[in-house]
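Following are the structures in question.
Here come two complexes built around chain A, the first alongside chain B, the second alongside chain C.
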Partner chain A sequence: MPKAEKETLAAQLQPGGGVERWAERHLRFLMLAPTVLILLGLTIFPSFYMFYAAVHKISPNPDLPWEFVGPDNFARLLSDTQFHVALWNTTVFTVVAVTTEFLLGLGLALLLDKFIRRLTFLKTVLMIPMMLPPVAVAITWKIIYEPQFGVLNEIMFRLGLPLQAWAGDVNLAMFSIIVADVWQWTPFIFLLMLAGLASLPVEPYEAAALDGASSWRQFWDLTLPFLKPVIAIALLLRVMDALRLFDLVFILTGGGPADRTKVLSLYIYQVAYRFADPGYAAAISLFVLFVTIVLSTWFMKRMRLAE
Partner chain B sequence: MATIRTRSRAREMLLRLSAYLTILVALILTLFPVYWIAANSFKFDIDIFAVPPEWLPRNPTLKHYDEAFIQRPFLRYALNSFLVAVGTTIVSVVFGTMAGYALARFSYPWQWRKQISFWILSTRMMPPIVSIIPLYLFFNYFDMLNTKSALIVAYTAFNLPFATWMMKSYFQDLPVELEEAAIVDGDTRWGAFLHVALPLARPGLAATAIFCLIISWNEFLLSLIITLTEQSQTLPIGIAGRVTQYKTYWGEISAAGFMACVPIVIFAFIVQKHLVRGLSLGAVKG
Partner chain C sequence: MVHKLFLVLAAAASALAINGVAWADFTVLVPSSSEGDGLRAAADDYSKMKGTKVEIVQAPYANVFEQGANAGATKSGVFDIILMDDPWIPFFAENGHLEDLTAFYKGAGMEGPDNDFLSKSLAICRNPYNTGPYVCLPYVGNAQMFFYDAAKYKEAGVDAPKTWDDVLKASQTLTKDGGGRYFGYVFRGGQGNPVVADFMPIFWSYGANMFNEDRTKVTIDTPEGAAAMKTFMALRDVSPKGIESYNANEVGTALAAGAAASSINWPNWVATFEDPSQSKMVGKISYSPIPAGTKPGSSEIGHWTMGIMSASKNKQEAFDFMVWATSAEQIKISATRGNPPVRASVFTDPELTSQEQFRHYPVLMEAIQASTPRPRHPKWPEIENAFGIELSKAVAGTITAEEALKSAQAAVEQITGLK
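Take a look at the complex of A and B:
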């Protein structure tokens, strides 16, 4: 600390409102400090602690010391087929669910923009699914998918189609999870795209119309580029959410049948608690964290979200 | 000329018709599952299992509400959820508002403003499963497992970044001149924040608080791991606990699940003007 500054600091800390003046001078740091410290404690510290856990074999018995095993837990990632299955399932879920939600949400927004713009009440009603507790959504779909008395099989029956076990069927389980997720989250994309469309400037479209550009060209050359920032945010948030999928799977399928819906979050949960191997679970968690950081940083840097 | 006009009018009509039809279908698809859980919660078990399904409860009953909220501790779970949500919201909104204001208004050396904003946002992206192992060991060490305070600490980890970004975006929308005028009139910098900026940001503050309440109320994974006792478990965990390997208590979980949705729907209508901003962490202003 420079000498002059030290002196003013000492002067300010004298009784008679000195502390207040000091606080006022450093207000910008003081207002930010609690949040930064809390988040350091709640995110950075756990990350380092997890790294420490990941290089140990941790016994379920808390009295036994941790055994240092070095990179063993990370090496296991390469040979653990269950981990590969979970990674694959998470990838499939993320790609299929987010793509479907995006196309549906964008399509609906383009089709309905003009008609629904002022109907705030109706828009809010359509937004209800994504606000609901995921557990409530999961049990709702569990009732709908129920093979014996569920509504979906009733519809199949009326249509003369074969009845299915849905969430209990090896080939349809992931599909069932995706449908529930699409039901819950398409409104999110829809809402964000509507907001994006509402903020489009009018002039370029008038110019394009004068030039005789088709509506398809207008969409491709004007609408899509203008929407790009909103699309990026919507996709970023959806992808991050899809990577952490847990609640729906936990209630609807429990990861089954035959591990077809076992996603990464669920696998970490099982390794940590059912197989009582927190060291290895920490290694998988670090992998997930790494992927999340790489993906989100790439997205955010590209879109200059932090500015 | 006349035929062209009729044709384009016909096309316009068709577009309008298909739009309204789409809205209708979307409404049915959106509302049916919510309706269905509500309808089932008012049916006797035998009617829940009816084939073909009973579209309207013929014999409405409050039996499952009695089972869940009187005989089983769902009222307790709901209270726990409520207390944890309120605690988390207070912590997140108080500190998040200050940090959001600082990031919206002050300048920092070495591009800190940008770096810190970016870092706070990235903590929000962290999947909760990733932090459960350290958090579990940490709470275990401090004997905080099965407490509501542990849940508040854990939930703050993702509500605080949210509140910071929301409030930052609201403060950025406010004109700085009013605060400058207050300072010229002799107010301190902190005073200008407290007496000028904060009252102006009140709608944003309310919206941020309600979003924090919703996020905490809905949370499942962290509560599943941190709490095992009736005294600390939240509503979603209580509901999941009635879906067992051997039996699913359809009526009970429908009643409790429907009750878990009711406050959320009310909240959704309160914050409807802020939905876009809230759901995009302040990134899209709707």
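Take a look at the complex of A and C:
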């Protein structure tokens, strides 16, 4: 290497030299690079790949090329009755389950707020359902609901009540799934509400009491508005989770009877893996993603959290 | 020093992870059931005998299909052999996931599988059915039989049920006398594969079929189909409440616990019914071929078969193992492990047939020889799902039997593109 070049390189490598200056100038990009790369790899790339798959017909035969079909897979959503059934069932499940969980969770939190701080044991017991893996919950409820030997029908029999096919009856199957979900996730809402209640300021309540406001008035005008951010987060998380319901349905009913419990996640799974049509499965997944994003944005705006 | 040791261990672990199951000479994907357990035990014996390392990957029933399909579609070569349920064969074969075995047989100086295999067992391993090249070998000889409590049937005035009318007659009496706690009949009414599997033998026994002979027309909604549905609905009415969600376990448990008198079932349940630790009905269950409708009864064949994945890198090793595992000697050992055989010599082996636990073998062999395969179509999983939804609706009573047939006809026409 000529002497002049050696000197230039040495100068650049010196503290305050070219390389160091370059690194300093681009430090923020360098610091961000790992995060951006991870984000690209784990979120952006799969999302684009899913979109790419959704506009193709993908044969299970690896020797056949992917056939570009444009918006055909999305158009199929309009005429696919199984998709419509799954969409309706998912909506019913989400609305009923999340509303019930919210009302029960908030009610329990209000009821036990004063006492629970001393009853650590009770708090731990209430947390158990949400700590269990969903598969374990589903199997437990399958045993409870078993029509011939299940504990629920045994109780019904001893009480002289008619036995029910809890997960097998078209009119009870969705209800049975909602009960299992409510059992598992009400504690989650309860704990969030409890944390929210614990952080409420005391002064407004003292002032309201001096003004003669009733307990109901205090709840309506103070507690609920103060809890609004916590309620928003709790509902948002539960709605997003409910839209992805899979385990309970897969194990308890398999989507039956008569398609009454077929939900979107189960249908996506069937289309992708049982019917070997990943292109269409990707289109349905994108639809669910779109709905989730729209719902979350609308909801956050409504709850004035967006800003 | 410790640092270096950790680095070496991490590098070794990474190499193993990257190579996947490369430490095995070949890998077999099997279901996590008695069929898979049997092949796992056979693989252990093979490893000890030949010094070959065989990796067995077990997965639940539906996951075996999914993992196999995924491995085939991606040509990953992660599995060398797949133990398949026979209705999956057209999907795997026609999408190029399975190896044609002709060349391997030629290489071994053989024409093909020997004549000791039951002809129906071999027919399903050819694609197209019974005419094409072999793409797998039969391992577990499942075919449905009719299971019934002979004493209860006798009480109800039926000595040995020969027809579905006999079954209905006995079941109606037994259910009526059971007071909501005992039932004459039980079946898998769960949506999808379960309800279809338990309906097809009834469908066939009334002369109905899903397609016409040259597969140019869907023939579900026919007078024969309607007759089969009428019987199926009558059987539903004498079955336990909640039948709409019943799968194999619920049916098996109902029979083993003495809560139901009869059902269509698979032979691998015999071991459970004859095991005092699991059954109240030891020695009390009788086995017969599928009852007749307006035509002779026909079982649904449900063999487990071994095929070599096209992307396998160890095809010869895989073929050698398959030939060894399906030899008469190994099939006999497999039978003692609870898996029904596929060879005539094992079905008639006096050493086995003299034992109480194998008393159903003559009936099972007859059932296999009189069996019908599920319609061989590469889109069978989708067809089965659509048909299963309509049957489930009929069983649940949300639509009539006639509506179910009409809707099923339309759905299958749409899936197959046939009219």
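Simple rule for what comes next: the second predicted complex is superposed on the first by the 262 of 307 C-alpha atoms of A that agree within 3 Å, B and C clash if a C-alpha of one lies under 4 Å from a C-alpha of the other, contacts with A are read in each partner's own complex, and residues count from 1 in each chain.
Quick note on the criterion: contacts are C-beta pairs under 8 Å (C-beta built on N, C-alpha and C of every residue); 3 or more make two chains touch, one makes a residue touch a chain.
Owing to the predicted nature of the structure, the values given are computational and were not obtained by experimental measurement.
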Q. Is A:Ala173 touching the first partner chain B, the second partner chain C, both, or neither of them?
A. second
Q.
Going by the contact rule set out at the top, does A:Val19 touch chain B (first), chain C (second), both, or neither?
A. neither
Q: Check whether A:Gln148 is in contact with chain B, with chain C, with both or with neither, and answer first, second, both or neither.
A: both
Q. Given the touch rule stated above, what does A:Val36 touch, chain B (first), chain C (second), both, or neither?
A. first
Q. For A:Ala276, is the partner it touches chain B (first), chain C (second), both, or none of the two (neither)?
A. second
Q: On the superposed three-chain arrangement, identify whether chain B or chain C touches more chain A residues.
A: B
(Q) Just checking: does A:Pro257 make contact with chain B only, chain C only, both, or neither of them? Give me first, second, both or neither. (A) second
Q.
One more residue to check, A:Leu161. First (chain B), second (chain C), both or neither?
A. neither
Q: Could you look at A:Trp183 and tell me whether it touches chain B, chain C, both or neither (first, second, both, neither)?
A: first
Q: Across the two complexes, find the residues of chain A that touch chain B and also touch chain C.
A: 62, 148-149, 273
Q. In their complex, what parts of chain A are in touch with chain B?
A. 23-24, 27-28, 31-32, 34-36, 38-39, 42-43, 45-47, 49-50, 53, 62, 108, 111-112, 114-116, 120-137, 139-144, 148-149, 151, 154, 183, 187-188, 191-192, 194-196, 198, 230, 233-234, 237, 240, 243-244, 246-247, 250-251, 264-265, 268-269, 272-273, 278, 281-282, 285-286, 288-289, 292-293, 296-297, 300, 305-307
Q | Touching residues (chain side chain B, partner chain A) in the complex | A | 16, 18-20, 22-23, 26-27, 29-31, 33-34, 36-37, 40, 48-53, 95-96, 98-99, 101-103, 106-108, 114, 116-123, 125-138, 140, 153-154, 156-157, 160-161, 164, 188-190, 193, 214, 217-218, 220-221, 224-225, 235-236, 239-240, 243, 248, 250, 253-254, 257-258, 260-261, 264-265, 267-269, 272-273, 275-276, 279-281, 283-286
(Q) With touch defined as at the start, can you tell me which chain C residues reach chain A in the complex? (A) 62, 65-66, 69-70, 72-75, 91, 94-97, 180, 189-192, 240-247, 250, 253-254, 257, 259, 379, 381-382, 385, 389, 392-393, 395-399
Q. Can you list the residues on chain A that touch chain C in the complex?
A. 59-63, 82, 146-149, 163-170, 173, 252-260, 270, 273-276
